[in-house]
Amino acid sequence: MVALIWVFLRGSQALRRYILTRIALTLPMVLILVSVVFLVLRVMPGDVVSSTLGPKASDEVRANIMQELGLDKPLVVQYFTFLGDVVTLDFGNSFIGSRRPIVDELGERLPATIELIIPASIIALSMGLLFGTWAAVRRKKPTDYGLRLYSVIIYSMPIFWLGLLLRLVFSVWLNWTPIAGRIDVITNTTLHRTTNLLVVDSIISGNWAALGSVLVHLILPTVTLGLVLSGVFVRLTRINVIETLQEDYITAARARGIRERAVTYSYALKNAMIPVVTVIGLQVAILLAGAVLTETVFSWPGMGRYLVERISSRDFIAVQSTVAVFAMFVALISLAVDIVYSVLDPRVKY
Amino acid sequence: MASIENPVAELPPPSASDLAHGEVLYSIRDLTVDYATRAGTVGAVDRVSLDIRKGEIIGLVGESGCGKSTLGKALMRMITPPGHISGGELLFAGEDLMLASDRRMRQLRGARIGMVFQDPMTSLNPLARIIDHLTETIQTHESTVSDAAARDRAEQLVARLGIRIERIDDYPHQFSGGMRQRIMIALALALRADFVIADEPTTALDVIVEAQFLDLLLELRDEFDLTILLITHNIGAVAEISDRVAVMYAGKLVELGPANAVFGETKHPYSQGLLQSVPNIDVDDVDLYQMAGSPPSLVHPPPGCRFHPRCPAAMDICRTEEPAFLKVAPEQATACWLYSKGRYDE
Amino acid sequence: MATTLENPPPESPVHLEEWEQELQKVGLVRRILRARRWYGTDWWFVTISTAMVVAFLVIAIAPQFFAKYDPLGQVGPRLLAPGELPAQEILILPEDSQYNSVADFATGERIPIAVQRETPSSEAARDEADRVTEENAAAGSDERVRLQIQRFETPGEVLDTVVAGDAVAGVMSSSVFKGLADQYPTLQSAGAISSAEQDATSFPLGTNQVGQDVLSRLIWGARIAIIIGFSAAIISFVIGVPLGLLAGFAGGKTDRLMTLIMDSIYAFPGLILAIAITAVLGPSIFNIIVAIAVLYIPTYYRIVRGQTLSAKEELYVEAARSIGAKSREILSRYIFPNVIPSVAIIFSVNVADAILTGAGLSFLGLGLPPSTPDWGIDLARGQEFIRSAWWLITFPGLAVMLVVLAFTMMGEGLVEIFNPKLRER
């Protein structure tokens, strides 16, 4: 968010216009997603309230609840109320369980997911770029096939399995890492949370014990998520670098006597990186999906696990809101990536 | 010629610049280049011998696929697998490049031998500014040159080639085709190369820009005593600026000589056909000439003279024995049985 | 998502090269072998994975031939490690004992044996004694095995008695003895008390907490996985391809609207969408298939639409149109054949992904009834026993990985072979 605003202010007039256009284009997408969520949950067979309350609830109770949730109004009215709610982030209260405002619950959990995703993407991207380039440069040699095999195997591994295996080896057998959670219980009480990004919080408050605990808890989940995602990036980078290496300017550079290493990195990789980086926007989807599974395996209190929990408890209001938040999150990130891309590539005209 | 300073050379003083105008700069002996394909081995260049002299512009013409581009790449040893140079000597300023190490080749490329490519848009790194292209080339070969000095030289070079200095910080896509081709020349000359190979440099340019480009080549040759190998299928361009012309067909050299001689007293039937194919604007109402047949397969070339299936003057011997490349006039050589009897001996 | 780039779809070989035409004349097997020489390691990728895929399909179609046990039945003791023999009644002897088995007891004297009270040990011992006696009688000797059985409260007492020499041997369950063996270094197991039991099979991959055979569950799980994977892929294909053709061909507003919808679905995290759909539709295998199918429709749509768009620009389509060919003809004769190769590749990767997503969904407990022998469910249930029974999570996950790997490798290998840009230069 902050970065976006900064870019916005610093950029030229043309850049601002571009950003605004992109935002304008993203809105329909969010709208559609959110609408689909709405449709799916309200219009689909299986009246929301009945499945929540069960068949034994009396008609009176049911009518009451429906009125409370605004479900007795015509569909169109419900739709617009819903949209309004989404925009103002007023999701109502969790229907089952804590009965707390959903916004609060999500607010606690979103940072957890973010704290998981960011290091994971960094791991995935760096591994991907490095290995992908390596494989492309040594094409058709053992290194290439080895790395391709690695990436395909990693990609085929169910992420929850990898997580469980790592947990088995490192937490159970070797006892190097903790078994679950973000921070150990005792240290948790000493930590004052502000942003709920525990790494940030512990640095801000100078609580080094907490920082240590948080980092140790972070290792396995981020490595799991990062490794699985790296498979995709290795493949992608490899293909893009191979194609880039066949471009004319590579031959031209070699004809000028430029060193092979410079050719690989400043010519090939820099050019190949651009399509890879844009695909990060798409990979956010995979990232979030993986996050859901990773959070479940490691009992990580993030949005993904929240979603699954709420589904099991049949708390549809919460489910609906969480999915809507996911949609907005995805839109935001792809927007950010598009903007970064336009800044990186001088050819993009805005 | 004081515009570009004489750089402090890191390399051993290039012996090429010691050569006088007209002496042999690059001697090619029996060069053979093969490509391994699924269909078999393609003989792209078959025992071509040619001497290139300092300060001359020599045009290399022929149909698409005759091997001229391959020859050009081979001169810089830039043939990539599945192709490889399977035989011959490449004597550049007395040094046999076939024996040179990769490191030595890299030293030569860009510094002593330069190349100008066909499509200037795709030959420039889209992410790097022109100044970066130039300074990188300079500093790769002469690492002691400071950034400021490199920039200076780049600016002078660019100015000499008719590009406005303030545009040196722009990106390739911001230039027109003709300008980009000038940039390519600038890059080839950044270190005062002795020899420039221009591989179809004007194919992507329109006629007017092409004319300007060719003029520029002439100027540069005169100013720096540059040696230029102009590879093209555009006979008109060759006629305009070349001193000598070489004609290739199906991987073999079929004719070589001064431009006047080759155009005026064409010896080889293929060259004749080639010249006849050029439409003549002065003559009306004449059907376009077309040579019979099509270029042969290079995997299984025809026995004897490779041109014989299409040659209007084919004789029995042409079908069975390959003609040698012989001198048939004071400055002209050709490979054709028609002339073996009137062979010109020095 | 208008400006995001993706890998260009692999181009289709429109015409055959000379050498390929040659190969057509040769038989299929020779063709495959010749291709190997050229494609090298990529060829191995494709062949091995195709073999794996075929193997899985065979197993999945007829699991009853491969699985030894009923996956839903409790066929063995709980939580048996892979290869571990179920607990048997074993004979425990001092290491310096003159006896080796119950058969050696046929001396005519009464042999004192120690057992724990109220366990099957005494009966097992007696049964074996009777059996040996019968065997001897049938062989003509009249050596009988006579046992004097002493009963004790705890296994420890049983072993103490043997050590003290008051009993010649002890009989107890192998698992019990395993726990105490360290304390009685002079005692050792002589193996199962009954030779019949010695043939007791172990479960190659162990058993789970309910006593079900892991291997059988894996094999039956293959069937579910492939059903889900293929069904979802086929549905996606059947819906996505025509929509893509339509959008690419028709263009205009229809195209834009559909593309917007498809892009939105495509951009959304697949698993989460599937979760939401399953949550709403309710748990059943059909709903899972539908949910997963929805996820992949946009992929087919995009690729097919892209290819249709570029095919539309090709001159031969214009030429066809200029001679009056009908739209439907153009679509089926010119555009469709070009689209097929890329779609085939996508299909195999699609199945792989569908299986992966399906496993994820059942891991999270959505969709399938909990008793179904499914890999995801097994993994989820195995989690609680991560400390004690590592095999419960290892093998189901391995199975998923291998199947997904097979399909993905097949697709990936095909891409390398079909894509002319990536071909050897």
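Going in written order, the chains are labelled A, B and C, and every chain counts its residues from 1.
What we mean here is this: a residue touches a chain if its C-beta (ideal position, glycine included) is under 8 Å from a C-beta of that chain, and two chains touch if they have at least 3 such contacts.
Because the structure is a prediction, the values reported are computed rather than measured.
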Legend entry - Chain occupying the middle, per Cα centroid: A
Legend entry - Chain at maximum distance from chain C, centres defined as averaged CA atoms: B
Legend entry - For chain A paired with chain B, centre-to-centre distance based on mean C-alpha positions, whole Å: 54
Legend entry - Distance between the centres, which are taken as Cα means, of chain C and chain B, whole angstrom: 62
Legend entry - Centroid distance [mean C-alpha coordinates] between chain C and chain A, Å: 29
Legend entry - Shared-contact residues (touching 2 or more other chains) in chain C: 424-425
Inset, instruction - Can you check the complex and tell me which residues of chain B touch chain A? - result: 76, 78, 106-111, 114-115, 117, 119, 122-128, 136-137, 140-141, 171, 173, 184, 187-188, 190
Legend entry - List of chain C residues in touch with chain A within their complex: 1-7, 40-41, 260-261, 263-272, 275-277, 279-282, 352, 356, 359-360, 363-366, 376, 379, 383, 386-387, 390, 393-394, 396-398, 400-402, 404-405, 408-409, 412, 421-422, 424-425
Inset, instruction - Spell out the part of chain A that touches chain C in their complex, as residue ranges. - result: 25, 28-29, 32-33, 36-37, 40-41, 44-46, 140, 145, 148, 152-153, 155-162, 164-165, 167-168, 172, 235-236, 239, 242-243, 246, 275, 278-279, 281-282, 284-290, 292-293, 296-297, 304, 307-308, 311-312, 316, 319, 323, 326-327, 330-331, 334, 338, 341-342
Inset, instruction - Name, in rising order, each residue of chain A that touches chain B in their complex. - result: 247-249, 251-259, 262, 266-267, 270-271, 345-347
